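For reference, chains read A, B, C, D, E, F, G, H, I and J in written order, and residue numbers begin at 1 within each chain.
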Amino acid sequence: MPQPELLEFFDAPTETPFLIEHVNEEFTSVCPKTGHPDFGTITLRYVPGAVCVELKSLKLYCQSFRNEGIFYEAVTNRIRDDLSEAMSPKWLQIITDWKGRGGIRSRIIASYGDVPTEWRRG
Amino acid sequence: MPQPELLEFFDAPTETPFLIEHVNEEFTSVCPKTGHPDFGTITLRYVPGAVCVELKSLKLYCQSFRNEGIFYEAVTNRIRDDLSEAMSPKWLQIITDWKGRGGIRSRIIASYGDVPTEWRRG
Amino acid sequence: MPQPELLEFFDAPTETPFLIEHVNEEFTSVCPKTGHPDFGTITLRYVPGAVCVELKSLKLYCQSFRNEGIFYEAVTNRIRDDLSEAMSPKWLQIITDWKGRGGIRSRIIASYGDVPTEWRRG
Amino acid sequence: MPQPELLEFFDAPTETPFLIEHVNEEFTSVCPKTGHPDFGTITLRYVPGAVCVELKSLKLYCQSFRNEGIFYEAVTNRIRDDLSEAMSPKWLQIITDWKGRGGIRSRIIASYGDVPTEWRRG
Amino acid sequence: MPQPELLEFFDAPTETPFLIEHVNEEFTSVCPKTGHPDFGTITLRYVPGAVCVELKSLKLYCQSFRNEGIFYEAVTNRIRDDLSEAMSPKWLQIITDWKGRGGIRSRIIASYGDVPTEWRRG
Amino acid sequence: MPQPELLEFFDAPTETPFLIEHVNEEFTSVCPKTGHPDFGTITLRYVPGAVCVELKSLKLYCQSFRNEGIFYEAVTNRIRDDLSEAMSPKWLQIITDWKGRGGIRSRIIASYGDVPTEWRRG
Amino acid sequence: MPQPELLEFFDAPTETPFLIEHVNEEFTSVCPKTGHPDFGTITLRYVPGAVCVELKSLKLYCQSFRNEGIFYEAVTNRIRDDLSEAMSPKWLQIITDWKGRGGIRSRIIASYGDVPTEWRRG
Amino acid sequence: MPQPELLEFFDAPTETPFLIEHVNEEFTSVCPKTGHPDFGTITLRYVPGAVCVELKSLKLYCQSFRNEGIFYEAVTNRIRDDLSEAMSPKWLQIITDWKGRGGIRSRIIASYGDVPTEWRRG
Amino acid sequence: MPQPELLEFFDAPTETPFLIEHVNEEFTSVCPKTGHPDFGTITLRYVPGAVCVELKSLKLYCQSFRNEGIFYEAVTNRIRDDLSEAMSPKWLQIITDWKGRGGIRSRIIASYGDVPTEWRRG
Amino acid sequence: MPQPELLEFFDAPTETPFLIEHVNEEFTSVCPKTGHPDFGTITLRYVPGAVCVELKSLKLYCQSFRNEGIFYEAVTNRIRDDLSEAMSPKWLQIITDWKGRGGIRSRIIASYGDVPTEWRRG
């Protein structure tokens, strides 16, 4: 079961806005319809508010989906919600890329907040 | 014959707009002029309204073009129409990429609705 | 000699604007200065008006440059002019990419009309 | 149904052994178990005997598998048998590469005759 | 727990030796030392004896390692043993490729039997 | 310890704004939490004010992080601060790309000043 | 010594604005500090005014830097100045990409004039 | 018409065997069956005897096929024969790679003489 | 200082020979001549005798070169010697790939023992 | 003028044979026929005898060809001769790769001595 309580945070090193991207290529959950495992890549991009997410805790949080039966779309929105709630970022985006099922591969993108002006040319 | 009635849908997991992309690299139809098969990749990108398209039904719908004699341009617009009619998305885009014919490869792009503002930096 | 009269057209399948791209990687003409053959790729991108260009006729039109002595810049503008005159598209762009001569490779881009608003995020 | 009678041949241009490879990236047949289409690439490599296979007839022969229910392994051996029987090559090899099914992609290789000594360093 | 009893087989379509390769890019097991999941790609290459392994059963067999605590080297030798015992191939090779741990990525190769002479130039 | 005093500068060759990008693929520091080395790529992009940074001094400055225990986010902001303070550029951007830790790779982007209008299409 | 007098020009084939890009991957000059040769790629992009630069003369002009001791930044601005002065383009951009020195590779971009509106979506 | 009389040669700089490879990516001839142009890459590999082929003359010889109606297999054997006859190499190999026709791309390999022992590990 | 005493081993899971490859892309030492850091990739390939090297201990052993002044050639032979002495493999090979210095990149390969016959086709 | 007297050597760190490869991507000389510069990559592979070549001296030796008018074939054999004479390696191979001239790119390979048996599987 997804465990947002695993997430840990540390103080952002500066109040000046900056962009952070973490890419986890080792994500797996279970298709609730077929029971077969799904494999994907989770990309988290955000502009921190007061805190940044600690890397190892992010990894453990992602691992907590391992035996969860959950659709692509729900995984993506769930991670967006858990992370934006826990760390109140200025902006946050979750991109999930899923390996093919029946010849079809998928990408889901969910966002929180507006891209700050200074990142529009990032 | 294209069979939009094969398409199935499920409720979108959230009302907050998010982006979904499905890429089907295993599409084939038949050239109505020469009778030779055409091979292509179909990319569907959309921001769901009330519903999302179910993956296996999308695959079966794509397979229903297999022995249909239909031009590239018509395939693209047909899929755009079938999907936008059946699920009333906030935005939808169909991109088809076709392997070469006589040394020429092609891409067709058809859209429905405006890209929501929050995706302009997606 | 370039023969625009080889071009054939068919009715666009819809009045809703959509984008078409054809890439011909097998183009050759002759350098008017040295007499040596030039090899390039011709990319045609357009939003159709009333008609679309038929693929085989586009191939034959491109082949009609085979023994023509003509500079890169003139090839590009000539194709832009021939195609935009013959099919009155809403927008059209010709991109030519040329293999190296004396260690220098080149790209020329010529356009007709404005990119329709709906394609600015294509 | 596979139709080897579609295959046509022309006289090899020389008696000196040489190697020919044709790669058809547009092959499709049907899985006899699930009824879903399979998509693959067929590679034919051979040292001709008296005759070479004509390209367009090879394409039509490959198209004759389009609606045939047949396993990967059987496709590969069938093509090996049809071609080696029809043209008695000095050596022939069929390599089939199949897009993923359930996250597994496959390659099958079947041969006829010994590689002639002069090609061992090819 | 690895379940070789999930494996199913079908009769080889010919007695003439030929080569089969299946690549499963969606493999995961658990590191017995750290408890963290490992992610890898399993490649099976073999020359069949009397039978071939059925693809879906191979997938299910691979999935049975999902929550097993087992080292890279043991996974590779275990699959080699399970498959060679169950189907008595003329030759079999298991290649496992593992994503990085602490900046180190790994590949393990285990074989059964000798490569038949006709495949030495495969 | 990071030593900004190693940085040397030379006069910009022109007052007309232009863009400079230096990419250092050989950066290493130490994780303050685990004591293990981190490996990354540092990209510096800037529009010079009165001075440009001298390449060899930039290399030595980067080497001064070699045995420093410091987080990704702090490295990025520290370099942004050291360089923008020392050379008062019109615009400056630091992009750091870090090899995977526990299956997660990261990128951090920090900027100083606004992108000048003439570079918005760069 | 850079010799802009080597540059030759021909009349633009049309008054309608279009874009030209030449990429010279065979550029070398000498580092004025160390005396070692520098190797780079020079990209010239421009919208012609009345004239276009002739390719062979552009090559000879680039070769005239071969034994010149000159910094990256100065090469880039010098070519921008020589070419914009000699042919009064509507817009011109010089991008230089330099192979690594001490583990650091560099790119310099210098422009002349504003990008014409019609190219903003090019 | 192929013109081997265009070929020029110069004395090999040493009697010690060495290997030379020239790759011409700009080859075109005409299909004798359809009249459409064929596009290919010609690779010449050889161990010289007394002479080496001069590069510009090789280019002109290749250009002499431009309007010749000739099959892939015949082009390859013709070049092998013309070059081996004209320069009596110790070993020579012609590899031709042809862009796709009807979805099928081809490679033909023709050789002259045995690979000298010292090159077997080249 | 290189610390082979950091290396730990575990029993090989089988007496049947198999091949193990570990690739460490995060290696750094110091050039004894210039004092500048060197960055490289270390590849270890071996057929185990009684024991296999434990991954985390291999990583720590590699890290012990971090501040050692040592040439490429000596690093490679040192690792070959330390590992072959400590674990008496049936065969072992060290490949080191070094990023460029002054425009020159390098690879060094050192081996221990003969490749077992069964791996000659690996 | 090529200056082999620039080459410096150091004692091989072991008498056990091992393989060294240096790749210099920044080589330029002058075509003696046209006076235009040639650009290439020089690869040196050798098994040392008593000595190894020092990297910086190898770079300076390569730079001594910068303004020399010399053919591809002669460059390759000259470097083979200079290096094998100066350091009596157990085996040595020079591979030169040249950027295209008139659409033709070239590779020349010259060797000295036999590949030692232990490297035949390298």
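Here is the rule we go by: a residue touches a chain if its C-beta (ideal position, glycine included) is under 8 Å from a C-beta of that chain, and two chains touch if they have at least 3 such contacts.
Predicted model, so just to flag it, every value in this text is computed and none were measured.
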Item to complete: Compare the contact pairs of B-C with each of E-F, A-D or C-G and report the one sharing over half of them by residue number.
Response: C-G
Item to complete: Name the chain whose C-alpha centroid is most distant from the C-alpha centroid of chain B.
Response: J
Item to complete: Note the rotational component of the Cα superposition from chain F to chain H, reported as an angle of 0 to 180 degrees in steps of 5.
Response: 180
Discussion item. Distance between chain B and chain I based on Cα centroids, please, to the nearest Å.
Written reply: 50
Worksheet item: chain H to chain J: how many Å between their CA centres?
Response: 27
Discussion item. Between chain G and chain I, what distance separates the C-alpha centroids? Give it in angstrom.
Written reply: 45
Discussion item. Using mean CA coordinates as chain centres, what's the gap between chain B and chain J in Å?
Written reply: 55
Fill in: Junction residues of chain C - those touching two or more other chains
25-26, 36, 39, 99-100, 102-103, 119
Response to the item:
Listing every touching pair of chains gives A-B, A-D, A-E, A-F, B-C, B-D, B-H, C-G, C-H, C-J, D-E, D-H, E-F, E-I, F-G, F-I, G-I, G-J, H-J, I-J
Worksheet item: What does chain C use to touch chain B in their complex?
Response: 10, 12-14, 16, 18-26, 52, 55-56, 58-59, 118-119, 121-122
Item to complete: Could you pull out which chain G residues touch chain I in their complex?
Response: 36, 39, 99-100, 102-103
Worksheet item: Which of the residues in chain E end up touching chain A in this complex?
Response: 25-26, 28, 36-37, 39, 63, 66-67, 99
Worksheet entry | Residue ranges of chain B touching chain C (in the complex, touch as defined) | 71, 73-74, 76-77, 80, 93, 100-111, 114-115, 119-120
